[in-house]
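Labels run A, B and C following the written order; every chain starts at residue 1.
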Amino acid sequence: MDDQGIRRVVLAGVLLALTLLLVFTRIGMIPMPTPAGNATIAHIPAIIGGLLEGPLVGLIVGLGFGFASFVNATTPMFKDPMVAILPRLFIGVVAALAYGGVRRLNKRGLSAIAGILLIVLLAAAWQIHADKPILGIVWAVLAVALGVGLWFWLRHQELALVRVGIAAGLGSLTNTVLVLGMAVVRQYMTAPVALVTGLTHGLPEMIVSALITIGVVAAIRNLGGRRKRRPAGTRRSGATKEG
Amino acid sequence: MTAAIAIEGLRHVYLEDTPQAQQALYNASLHVAPAEMTAIIGPTGAGKSTLLHFCNGLLRPHERGRVRVLDQDLSTDVDLAALRRNVGLVFQYPHHQLFERFVGDDVAYGPRQMGLDEDEVEERVQWALQAVALDPEVFADRPTLSLSGGEMRRAAIAGVLATRPSVLILDEVTTGLDPEGREQIHALLRQLNEREGTAVLFVSNDLDEVAALADKAMLLYRGYTLAEGPVRELFSDLPLLARAELGAPFAGGLAAALQARGIALEHTPLTAAEAEEELWQAWKG
Amino acid sequence: MASLEGLRNVSIGRYVPGTSALHLLDSRVKVGGFLLVVALAAIVNGLAGLAALVIWMLILVTLSGIGLRSTWNSIYAALPFIVVLLLLQLAFTPIRPSDRILLAWGRLRLSWPAVRLVIVALLRFFVLMLAVSLLTGITSSGALIRGVEGLLRPFTHLGLPAHELALVGSVALRFLPLLGEQVESIAMAQASRGLADTRSRWKLAATARRVAQLIVPLFVDVYRRSEELALAMQARCYNGGKGRTHLIQERLTPRDWLALAILLVSSALVAALP
């Protein structure tokens, strides 16, 4: 086995241990008042594994996460291997692929994607507006807020970290979408309930995953960021992410 | 305030009532006077670290034992945040204590938690880094991960000093340091103790270090306090130290060895310097 | 942080040492049997079949002597949750015109297919809870790894890196207690610097931030350790698992073959039930 292989094996093992720790000690779970129970951060090692060392590592750690959450589960929904284990295989893989995908893109490319996303969301808002006006307006406002937020973020953040953030967000989204999807397929929840849960859980999880992953990768690769200190009277310059 | 820390009859079991229960302390006592340097000595596994955790409220007494820190009884409701600003605890492994990405931020953490404004925070950071002999110009903006082991240790101490605690507790802080590093820490501790009046409590396996630094010592063995008192007294009781599975301090051991050969020294020396003096006196006849 | 103390004693499930017939089985049989039961639970849809599975599991658990106190406690704790979920399921399963209606009360109608669905879900749940408790009860963590590796070994010829996967598992097991200690250390160090360790429940964002502050240093430390370990292994000229010998060799005994036979026959029976 070559050096690269050894690194992969070891990192997978250590991330797996971290996943198990997060699942079995409840650190990785933030209780939420929804049918799915807890908002999780235990999927982040899988994301990081996929991001740093590729889809295979992501797959293995994801499998570990699935198995751990299966063993730890006390509700019928999560005691179903199709819901607990199968979807989780994809978390790391998606993160890896997403990272590979956006790696080539520079600021223009990423801005373009953000722009397209915004347009799609606004179009959806228009559609919803036709049906339920208030919901449509809310949706549109959120979309704009998201767009503006993303724009600012892109301008100020280190490019490499933006890519990391996107990959992490997508990885987390995979977890939410696939797990809830399976839950619906296996008839543990109805589609509307799943949608609501997805939005309540999924968005915060996505943001938290992105932030933590960025923090970790920034610290490991020593990218971006400067001390938080603000000398009196001077404006805060440039950098953002804290360790 | 009579005592900065007063612990009596303390008992502690980790994970009580579970299959993994492990008793760490059976009957421990400790008295730290303000502006004094006190040491805790004892073999590995004696429960020294556990005892330290009681001193800043990480562990609370529930069944047996009294813990009073800075005139507060820790079995009652206590403002832990305030307590911890006044009782600074430096742990054994430095890399676990630095959690911010940049050294300056880590040192600034305590003062920021105290709600000081940015100017004062910055002042404290500068002061703390200088106190531990880390040049603020160089180190404040460095990533914590880029520091060497010794530097990390000092940065951790700086972080604790930044809140200007009246009690400073250190858990084996010089273990593994080279002699120069050790000297720097000793000088720092002495300075804090003498100039700022900080009570210093430290755990050490190095009896010579204890002899050089501490006024009083407490001997902890398998969760029991075997003895507590002035260092000189404790260290002249070599059988006691042996029973606690501790070797003899250099000077005392030397004196005992000489005595066995029939050369009696007038006073039991504590440090190498004292031993030299005693030997000289004995030699002169 | 809820409890700073227990973190270093993390383990997968609860291993209960013993000498029952089940304890003495080869790890591969234990893991393989578990997988079989899980597959059955997923596939079998008949009420009789699932009920038989539950009974089968109960028998095995009794034979192994591991006791069900903790499993029962966790089910008990989740009971309200489960009840709510099942009620929701009952309420929202769409009713087709051909379905048999059991109960009608005003606008609510309870159809047989809906009830059946709920019963099936419940039975599956019990089977899986029992199966997991059984496996983790009779198999120590190390044995689990051995079992998985043993089962994967034949697949090496198809290109599956069984040894490497087993190594991943071993590294994970080795690091688990270390990470637990580390989290404890970091949490204590942070707590000592003025971070109050009582959780204010209504500030979800604050909790998340606190968790993040704990997790990021943990991750970074973890990454560092993995680099160190990788270096150490490279220095020792580790070159994969081909031809590796093992310290503990497990051999299949007649007892194992008997167990396998019983397993297969029972599975067939269960699958055949309506």
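In the analysis below, a contact is a pair of C-beta atoms (placed from the backbone, for glycine too) under 8 Å apart; a residue touches a chain by one contact, two chains touch by 3 or more.
Because the structure is predicted, anything quoted here is derived from the model rather than measured.
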The chain pair with the larger count of contacting C-beta pairs, comparing B-C against A-C, is A-C
Computed over C-alpha atoms, the centroid farthest from that of chain A is that of chain B
Chain B and chain C have mean C-alpha positions lying a whole-number Å distance apart equal to 44
Per the C-alpha means, the centres of chain A and chain C lie apart by a whole-Å value of 24
For chain C, residue numbers touching 2 or more other chains are 6, 214, 216-217, 220
Among chain B residues, those touching two or more other chains are 99, 145
Expected list for chain A, residues touching two or more other chains, is 219, 243
The residues of chain A that touch chain C in their complex are 1, 3, 5-7, 9-18, 20-21, 24-27, 30, 32, 35, 37, 41, 44-45, 48, 60, 64, 68, 70-71, 74-77, 79-82, 187-190, 193, 204, 208, 211-212, 215-216, 219-220, 243
Chain B contacts chain C in the complex at 14-15, 18, 20, 53, 56, 58, 80-81, 84-85, 88-89, 91, 93, 95-99, 109-110, 113-114, 145, 159-160, 163
Chain C residues touching chain A in their complex are 2, 6-7, 10-13, 38, 42, 74-75, 77-78, 81-82, 85-86, 88-89, 92-93, 117, 121-122, 124-125, 128-129, 132, 136, 164-165, 167-176, 178-180, 183, 204, 207-208, 211-212, 214-220, 222-223, 225-227, 229-230, 233-234, 238-240
Interface with chain B, chain C side, in the complex: residues 4-6, 9, 182, 185-186, 188-198, 213-214, 216-217, 220-221, 224
Given the complex, residues on chain A that touch chain B span 218-219, 222, 225-232, 242-243
